[in-house]
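Once you scroll down, you'll see the structures, which are given as structure tokens.
Shared chain: chain A. Partners: chain B in the first complex, chain C in the second.
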Partner chain A sequence: MSALSVVTSTARGPSWRRSRRGTQSHPLWFLVPALAILVVFFFVPTLFNFVYAFTDWSSFKSQINFAGADNFVQLLSNGSLLADLRITLVYAVLVALFQNLFGLILALVLERDTRVNRFARAAFFVPVVMSALAVGYIFQALLKPQGLLNGALSAISGQHVTTAWLGDTTWTIVVVAVIHAWKWMGLSMLIYLAGLKTISEDVIEAARIDGAGWWGTFRSIRWPLLAPAITFNVATALLGSMNGFDVVQATTQGGPGGTTELLNIFVFRTFGQGLFAQATTMSLMLFLMVAVLAFPVIRILRKREEVL
Partner chain B sequence: MKKKSILALAAAVAVAALAMTGCSDPGTGSTGGSVSWPAQNTKLSGVTLTIWAAQNSNKTPASVISGFEKLTGAAVKVVTIPDPYEQGVQTKVATGDKPDLAFWQPTASELTSLNAKTNLQSLDGAPWAKNYTGDLSTATGILDKTRYAALVTTPAVEGVYYNKDLFTKAGITELPKNWDDLITDAKTLKAAGITPFYEMGGDKWATQWWVQVQLADAAKDGLWTKVNQNKEKFTDQTIQGAIDNYKKLIDDGYFNSDIKTATFVDQGNAMLNDQAAMVLQVNSYFNELQSLASTAELNKKVGFFPISPSGNVGTFIPDQSNALVAFKTGDAKREAAARQFLSYWLGDGYASFVKAQSTVSLLKGVKTPSTVPDALSSVAASLSDSVGSMQALAVANPDLYLNLADMIQGTKTPEQVAQTTQDQFAQLAKAQGVPGF
Partner chain C sequence: MNVTTSALRRRRVRPVQPIAAILLVIVLLGVPFAMVIITAGKTQGEALTPNLSLPSSWHFIQNFARVFDEGRILPAFFGSILIMVPSVAIVLILGSMASWILARRKTRGVSFIYALAISGIVLPPAVVTIVLLLRQLGLAGTAIGMICVYAGMYMSTVIFFVTGFIRTIPPELEEAARIDGASPFRVFTRVILPLLSPTLATATILICLYIWNDVFYALFVVGGRLDTLPLNLYQVASSGLYLQNWNLIFAYIILMSLPLLITFVVLQRKIISGITSGAVK
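For the complex of A and B:
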């Protein structure tokens, strides 16, 4: 039997053999549990997202009627939606920037496998598994005008510092993005570490023999070779934070003056008013925006990898 | 091949099944049934009632529950729904999750947002309704001529809490008799180096009282009826003018300098630490003061007066902690038990309830305990001639407070506040099917 299969496989070429073996070791029905969960908790809700956006579903009555494009017209004629979409985009870009910067710095600092570094890596990964709301509430307490940060600053500077870190209509979005990035930087660090480990020692050694210092090696060899890790990290950070809600809800609830009101917070507020269809329409818009953004971003990042 | 088709079939069935269950709103409950009111002491062993309450109301029913459990053998448990309470309850009810009873704001707009006709029991013919003092039995808790909510404590009144020491210090001996007097006194206080008003822009929600009390006269003349018919808008002179006035007072420096970040807790401390002379607030503010100082101290230091443009008329705003609604759960036995619980609360259990809570009695024949602070008694006294707030009289409750807080932060102009509020109001009214929208 096995001899026969080897003979036939060589006759028909290796690609056939690979796919045949794949089928045998992983029957298709293995997919069912995962697929069922995906269908129930992702595909169906997404489908309903499209359906309910065209209805007048609300908490005020029991019937759900078709409403055409009413919700879309109403939302697009209202400035709040576009303003919140812009805030969401700014937030996502800031988070992607900070999270990758922090993650990369951590990965480079903790690159060597010493005992201290292993402990430090685990420590920096802790925020990733913490509840985002808990993180938000802790930072809110730290950053309030009478909070710990101002207390520490007052002690150092000798002056009474009462900066409202979460009360500035221009800069608070940056502060909140840093908190979000702080929570997730451990994950980026881990992926950058894995990326750094895959770079062959030979290449680094060759560069060193050619006289390249740390910075030269990093710029010309390690940074380009990290491209796949960057693709993954930037894409997940950017697209993930477009769906941000918890950290911002716990720290500023969209304030001050609506300057950190991410679209999801607006959706939450609208849903809480009982306007379920309108809230659904907004989350559909967010879904579309993430989808529209995802393809070019991933494409551009992938293109960078082609030099490898 | 065969497996593939089975898989596809399974997926298709799952999608179809979900599609079919998903298309009807799960908030549809049992309807009809004549309302009977069981005697307060009917035995209820084995029956468990669930009450949903907010963080600030979950301790309120304690004395009633222990009395009721002893009398009837029923078990009553309180489940705290996290803040924001109203949103949490609405979301749960929308997905089909219902308690037997819940604390709820007894206003038409909030009863509508729970879809009262479908989800709530009618409380018509309630044995306690005729015992309410004043015109409380008809003032609130009613939607489309059906009673859905049972008022257990005095509805909150928007009015001015003032620091008696600071008034004396500035030489103010007589309380303001109208809005102009209030502003004159504010000028006197400011001239004496005292911050006249303290506002909590950080926690936002109290901002709307400033607009609402200025509308008291207009509300008496049917402002909110016109707004409900889309014949008057937030952007028209009456409401826009009130917003502009508020903005001007802030710009002219009548408020605390940290207005953008100050919180509800700060507002409480400011009154007790003589940082500001006046706070425009509702009853829950006084509860906050009670958690910070004794009744004797408060009686000495803090007073209350209602204010309106032309006089001392308060604006009442019943909130979630003032009333309860009973849900249609589909279980006739528990529904009856829920009504019996309300009968007991506003019946034999009421005297011990007002005593345990140190609150003003709403029922004839039940005395207000002597432990109730003076300011709260003044609040209750102002209730009889007060007018309804936006929450009490408008068909929808837009996020006016949030837009005003944005104005304080400088991200919205007074015109934008009115426009955004009007847009949202129209959206909500349209969703409810209100004629004219």
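For the complex of A and C:
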């Protein structure tokens, strides 16, 4: 403890007295319980990931032996490693795109403070409060070949539409991303609304007097000033949906043909089969992907804020 | 000048915008939710393909009764409460204590600990090895194990929110109490903690939302051992192997969503302002 105060006294010089008092008035033991929980239940399992991914841990063996890179080789050679990484990344990008598009449109439509808009904003927050699993089941029913959506499309087009929305090996990943975005768009909307509120009426009024139309004021004034809201929304949607599970499990369970198999779906499935080491390996891949992407994503978005 | 132009604009916009807003609500929310409510009142035969056609007779009571019976919704409700309340209490209390130190001490070591502590906001928890760890600790499949896992997962969120907030509180407020001879513990509980209530309220809402609705981590840690609302919904929905019993699934969804929905409706304004204030700065 005295070593710490020595460090500050040399670094800060004049504030020596203050920092010495600081050690007594803000005791370090206040940190201990929270850090203990973080270390034991967050960091230790994460370190375990790096260890058990290199073993043959499974429910079929009583002992756990070192297995080198066997799990990685196996997951690479059967193609699931790269396929699931790619699917997870595509899913995350699509979710970030749709969630922000829907959220921004809702915010722009519901911007003014009227009674109807206040009701609509609250209504769009309902899916955010609901369980993602429940949302998944609702959409599974809506998107059945004889479901409501196809019924509505048939009525509009006059033809009998029987699209299998959740059974297409190319497009179902887009559909499940839209469902995920539907669940969270109310949150993005709220954050965009808060961002729009920070823009002063005078600036927009001035632009309008200069002859700028709705699109002109949006593009040159409101869009750039929304940058902090965009940073927050894109980063949380992108990084959050990489850890996605519920919506996909409730709608496709990774199918058809594994084309919506997110990393977490694989982890859950192989864990259920007792292949713990393979599940751990995929869990480690998810950790590495998020860790590698998190810092550049946040930095790029922050930099964009500064430029504007 | 300003008044007249905005008044003109308002008159021009008025008829179109509310109609657009109402249409959006009906198409994007009204249709799915109407389907859920109508189907929850049907018999299994009528509910095979959920749609908006009204049932020949309403079966809400029978379906809700079956959900209570087969879906074990009451044990699930209390299981969810049993896990959520202690988890939230632990992260709020211990997280605030740590945040106070992390916000006030400015050494390099402390800022390193802070960076490490908030990294859990983006990094995904190691869900498989956490089960192994819980087995070694003898906590596998127990409520205590689940509480510890949630506490470890959401501690970062609390520390991030609260540390940011404490930095905006002037240190002079503590100084006065300290000169009167108050111990650090008293300064924290009497001066700092009361000031934190708006941030803690926001953090509570967010974390309750996550824990109440979580099924992924619950499946790994307590799946098959304990009842929670999402776990039992998963069971109800997975049990009909060939034909899904949509009437029961949707009856379950209505009942399990009610507690959070009612809370949201009652505290609407606070929740919305709390969540938005943290995000945009």
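To be clear about the criterion, the second predicted complex is superposed on the first by the 261 of 308 C-alpha atoms of A that agree within 3 Å, B and C clash if a C-alpha of one lies under 4 Å from a C-alpha of the other, contacts with A are read in each partner's own complex, and residues count from 1 in each chain.
Rule of thumb we're sticking to: a contact is a pair of C-beta atoms (placed from the backbone, for glycine too) under 8 Å apart; a residue touches a chain by one contact, two chains touch by 3 or more.
The shown structure was predicted, so the numbers you read here are calculated from the model rather than taken from an experiment.
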Of the partners chain B and chain C, which touch A:V44 in the superposed model: first, second, both, neither? both
First (chain B), second (chain C), both or neither: which does A:T198 touch? second
Kindly classify A:F276 by the partners it touches after superposition: chain B alone (first), chain C alone (second), both, or neither? both
Touch check for A:T172: first (chain B), second (chain C), both, or neither? neither
In the superposed arrangement, which partner chain does A:S241 touch: chain B (first), chain C (second), both, or neither? neither
Mind working out whether A:L28 is in touch with chain B, chain C, both or neither, as first, second, both or neither? both
Tell me which partner touches more residues of chain A in the superposed arrangement, chain B or chain C. C
Is A:A250 contacted by the first partner chain B, the second partner chain C, both or neither? second
A:F287 in the overlay: touching chain B, chain C, both, or neither? Say first, second, both or neither. second
Both partners, chain B and chain C, contact chain A at residues 27-28, 31, 35, 40, 44, 48, 57, 268, 271, 276
Touching residues on chain C, where the partner in the complex is chain A: 2, 5-6, 13, 17-18, 20-22, 24-25, 28-29, 31-33, 35-36, 39, 49-52, 90, 94-95, 97-98, 100-102, 104-109, 113, 117, 120, 122-133, 148-149, 151-153, 155-156, 159, 174, 178, 184, 187-188, 209, 212-213, 215-216, 219-220, 229-230, 233-234, 237, 246, 249-250, 253, 256-257, 260-261, 264-265, 268, 272, 275-277, 279-281
So, in the complex, the side of chain A touching chain C is made of residues 4, 7-8, 19, 22, 24-28, 30-31, 33-35, 37-38, 40-42, 44-46, 48-49, 52, 57, 106, 109-110, 112, 114, 116-117, 119-134, 137-139, 141-142, 144, 146-148, 151, 182, 187, 190-191, 193-195, 198, 205, 208-209, 228-229, 232, 239, 242-243, 245-246, 249-250, 264, 267-268, 271, 276, 279-280, 283-284, 286-287, 290-291, 294
Would you pull the chain A residues touching chain B in the complex into a rising list? 27-29, 31-32, 35-36, 39-40, 43-44, 47-48, 56-64, 74, 78, 80, 145, 164, 167, 169, 255-259, 268-269, 271-278
The residues of chain B that touch chain A in their complex are 3-4, 6-7, 10-11, 14-15, 18-19, 22-25, 27-28, 84, 86-87, 90-91, 93-94, 112-115, 118, 202, 204, 258, 260-261, 399, 402, 405-406, 408-412, 420, 423-424, 427-428, 431-433
